[in-house]
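Okay, so chain A shows up in both of these, paired with chain B first and chain C after.
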Partner chain A sequence: MIDYLQFVLAPQMVTGLSLGVAVILVALGLTIIFGLLDVINMSHGEFYAVGAYLALALGAAGLNFWLLLVLVPLLMLPIGFLVEKGLIQRVFNSPDRHTTTLLLTFGLGLVIEETLAVIFGPNTQRPPTPIRGAVEVFGVMLPNYRMFLIGFGLSVVAAVALVIYRTRLGAMVRAAAFDRHMAASLGVPVGFVFAGAFAFGIALAGLAGVLLAPVYSVFPTMGRDFILLAFTVVIVGGMGSIAGAVVAGLVLTQIQAISSLFISPVWSDPIVFGILVVMLVVRPQGLFGRLGRG
Partner chain B sequence: MVEAATGPVADPARGARPIDRIGLAMRASHLLALLLLAGCLVFALVAWRTGDVFYLRLATEALIFAGLALSVDILLGYTGLLSLGQALYFGLGAYMSAVLLRSGWSFAGVMAAVLLGATVVSFLGGLIVSRVRGVYFALITFGMAQVAAKAVYNTRELGASDGLIGVPIVKIALGFTTVSSDSPIGFFLFVLGFMVLLYLALSYLLDTPFGRILIAIRSNERRVPFLGYQPQRARLCAYVAAGIVAALSGALYPMLRGFVSPELMSFTTSGNAVITVVTGGAGTLVGALYGSVILTALRSVIGSWTSHHLIVIGLIFMAVVIFFPRGLIGVIRARLESWLVRRRTR
Partner chain C sequence: MFTISGLHTHYGLSHIIQGVDIEARPGEVVGIFGRNGVGKTTILKTVAGWVRPTSGDITLDGVSLAGLSPDRVAHRGVGFVPEDRRIFPGLTVEENIQLGLLQRRGRSRAEERVAVDGVFARFPRLAERRRQLGTTLSGGEQQMLAMARAMVGAPTLLLVDEPTEGLAPMIVEQIFAIIREAKAAGTIVLLVEQNVHGALAVADRYYAIERGRVILSGDTRDEAGRAELLGAIAV
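And now, the complex of A and B:
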């Protein structure tokens, strides 16, 4: 029993947790973009892939991993800003915003994915693990890099929550999410906040890409495999809810990790999807409320 | 997209006699469909005279995928629901057809079984998805198709990642003649006829009061219950109809290519159908057919000098979404409608 806990269950849970933290980072960007702009960003997974490829390319050029951790999200910011200003805003006021922006970002994702395949080739690549080795805690071997990923990711999430709920900037963001017209009339630069939030969400996806690249491999369609899980987290947690993304991200990845011990990992996706379906039937608004509301 | 159902518009030239906008749009669609049919027949004649096989097969495939696009159009163009997983039913039809053909079923038997299977599966799926709309509908259809594709991908009985190969040639008895699925010209004409029938059936269905409810849901779902209709039930029916259309089209695929692969169920296939409908013009039915033909031609042309044709297709698609949200046929049909009105009033 102890052996099972020590050698099977605990490592599996740590693996699930590191995936969970990365999913939360991706889902956080999705949920902020939805909460604020009312836009479903279908290309979010592709931006996660862009982050991973940037880390791969810049790492191969000799840049240090710690530098990449800061540099890649910073590089993603202008990309996101331009996408919001140049593409999203063009259809933002169309009668059916949900569908139109979804279609537009879907097309964008397609273009990004193929562009990555053209530049880097279709094959799977893997950057070296930046932190080697493992520590032993109560007899459980914990890979150092995964522990770092969990700690770092969670601090980023905490920092985001702190900024949104405790600063003046965050108050502007929440105000714009609650009522953009009222916020605009009170002097909040809504257009800038929207573009900034979109860019920030993209940067979070890029950061997740950097963090996960050494663990999972890097390939052009990597975003597509990841995005269903991220969307599930966002829906189960509540579209536009930060706390919801964190809770749902942790719970769903743990369910996936633990269930794959008992059944074939192939069926872990259907299980997560089943939870999504039940959630939509029982509580369609998700676990928590939307950004800017309560 | 479909014009908002604002009710009959008074025709100034004829005083009180109203113009049925939706009926007019449907007539314009029929004219365009007739044009496409003529174009296909000319193409068939030329291909037959020159003894071409490759382009006939490609055109047949374009028509089969046009069926999938039609099914997306019922949902997106008429009911206002974006399905990102319609390939689920296309794949269902294709796999059922491949499995049954391999065990020696006849064409009629296969199509009947696919019809039944698609009705049952899309009804069950519809019970889930008709509860939601908007982005939730898009995401849940996406998820459902992903899970199904993954399940097929990992089922050894269905050939797993390799798919099923060696689907036998099928003889289609039409009463007056028999078409063999390995005859390029014969099967092309058969699929063309099949798609014409699907198109006519759907344009009839969408012209019934049921079709008008769907259009009403697209325009303003909240008002529909006040008229005494249940949007959820209508959404379920639309979803089942779309599932059947997609599955019947999918059933033709293994007859053409002799194999099925999990790719048919993948997001790429669903996404392509959405691109086809939006580029061709959502809510026009005929736009789905034109879109499929044009995009297949484009893919084949671009594909001859680069394997990364998706970049070009994706950019075209984005440009259409931004600049021509009504799509190619949507723009053309609007012109055609005003021409029809002018001709009537003259």
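And now, the complex of A and C:
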């Protein structure tokens, strides 16, 4: 029994946790964008891929991983800002905004995906793991890089939550998410807040790309695969809810990891997406409330 | 000095405001009266930038506000207390008030703290509940919060839409007292109110609106004019 815990269950849970933290980072950006702009960003996964490719390219040019952790999100900020101002805002006030923005971002995702394939080629690439080796804790071997990923990712999530819920900037974001007209009439620069939040969400996706590139490899369609899980996390957690993204991200990835010990791993995705379907029927608002709604 | 001249506003094909002219001086409370649906709220929303005017101009101290976004209107010294208060759920009383500080840019943190402390001194009930979510307050307290939030930025022009609707008489008195204080501080107040008798007690001048046009205007001290106003807007 102890052997099973040490050599099977615990490592599997750590793998699930590291995936969970990465999914939360992507889902966090997705849920902030939805909570604030009411836009389902179908290109979010491709921005995650852009982050991974930037890390790959800049790493190959000689920049070290620790610098990339800061530099890539910073490079993603203006990209996100320009996409929001140049594309999203142009259709934001159209009567069928939800459909238009959904299709627009879907199209943008395809453009990004194909562009990555043209520039970097269709083959899978993998940057070197920045931290090698493993540490033994209570007889359980824990890979160092995955432990770093979990710690760093959770720190970023905590920092984002602190900014959103404990600062005036966060109060501006929450106010604009709930009532953009009233927030604007108090002097909140709503247009800038929207573009800034979109850019921040994109930067978080890029950061997840940098963190996961050494673990899951880099290929042009990597965003498409990953975003399905992130969307599931956002919907189950409650669209627009930061707490929901964290809880659902951790729970769903643990379900995925642990279930694959007992049944064939090919069933882990149907189980997770099945939870999504059941949630949409039973509690369509998800586990938690939306950003700006308490 | 605040002026609205030749204002026209449409909602789609509906011509709601049809050439309205209004003016107000510093320290003046101007009542805007009329039956439901005649365009009173639309006038305030157009001034606040929530609705774009089709034509005409709106100026505050010589600067045009017409067509500006709501945040730019706010930065030019316009505070807005909308009809349904629009308190942000998920934000505490203090956070709601602090957002009002954004209206007046360029103040130091110390000056902002003084402004917030001043508001809490004026509204002790809000001070007691500063950590409470704004939407958990009673209706009267939420109205106080909406007023405090609009006034913490020391606006030059305060737009107040139906502030006493559904409130107990004691709270109504407090609301009118706050409006008197704003007037004493030199703020221009544009007040839309169904409680005409109460509003006439605080207003200096009035405009009666009918189908998007000014049909009557005058000084509230003119007894004959007041009687004519009450007749004109009676249902």
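To be clear about the criterion, the second predicted complex is superposed on the first by the 294 of 294 C-alpha atoms of A that agree within 3 Å, B and C clash if a C-alpha of one lies under 4 Å from a C-alpha of the other, contacts with A are read in each partner's own complex, and residues count from 1 in each chain.
In this section, contacts are C-beta pairs under 8 Å (C-beta built on N, C-alpha and C of every residue); 3 or more make two chains touch, one makes a residue touch a chain.
Values in this document were obtained by computation on a predicted structure and should not be read as measured data.
Aligning the two structures on chain A places chain B and chain C next to each other without any clash. When the two complexes are superposed, the chain touching more residues of chain A, out of chain B and chain C, is B.
Once chain A of one complex is fitted onto chain A of the other, the partner contacts of A:P284 are limited to chain B, with no touch recorded for chain C. In the superposition on chain A, A:A171 makes contact with chain C only, not with chain B. In the superposition on chain A, A:L186 contacts chain C only, with no contact to chain B. Rounded to the nearest 10, the angle made at the CA centre of chain A by the CA centres of chain B and chain C in the overlaid structures is 90 degrees. Closest C-alpha contact of chain B with chain C, superposed model: 14 Å.
Shared contact residues on chain A (touching chain B in one structure, chain C in the other): none found. Touching chain C in their complex are the following residues of chain A: 168, 171-172, 174-175, 178-179, 181-191, 289, 291-294.
For chain A in complex with chain B, the residues that touch the partner chain are 40, 87, 90-91, 94, 96, 98-100, 102-104, 106-108, 110-111, 113-115, 117-118, 224, 228, 231-232, 235, 239, 264, 266, 269-270, 273, 276-277, 280-281, 284.
Remark: chain C residues 48-50, 69-71, 73-75, 78-80, 82, 86, 88-91, 95, 98-105, 133, 135, 149-150, 153 touch chain A in the complex. The part of chain B that touches chain A in the complex is made up of residues 76, 80, 82, 84, 128, 131-132, 134-136, 138-140, 142-144, 146-147, 150-151, 154, 267, 271, 274-275, 278, 308, 310-311, 313-315, 317-318, 321-322, 325.
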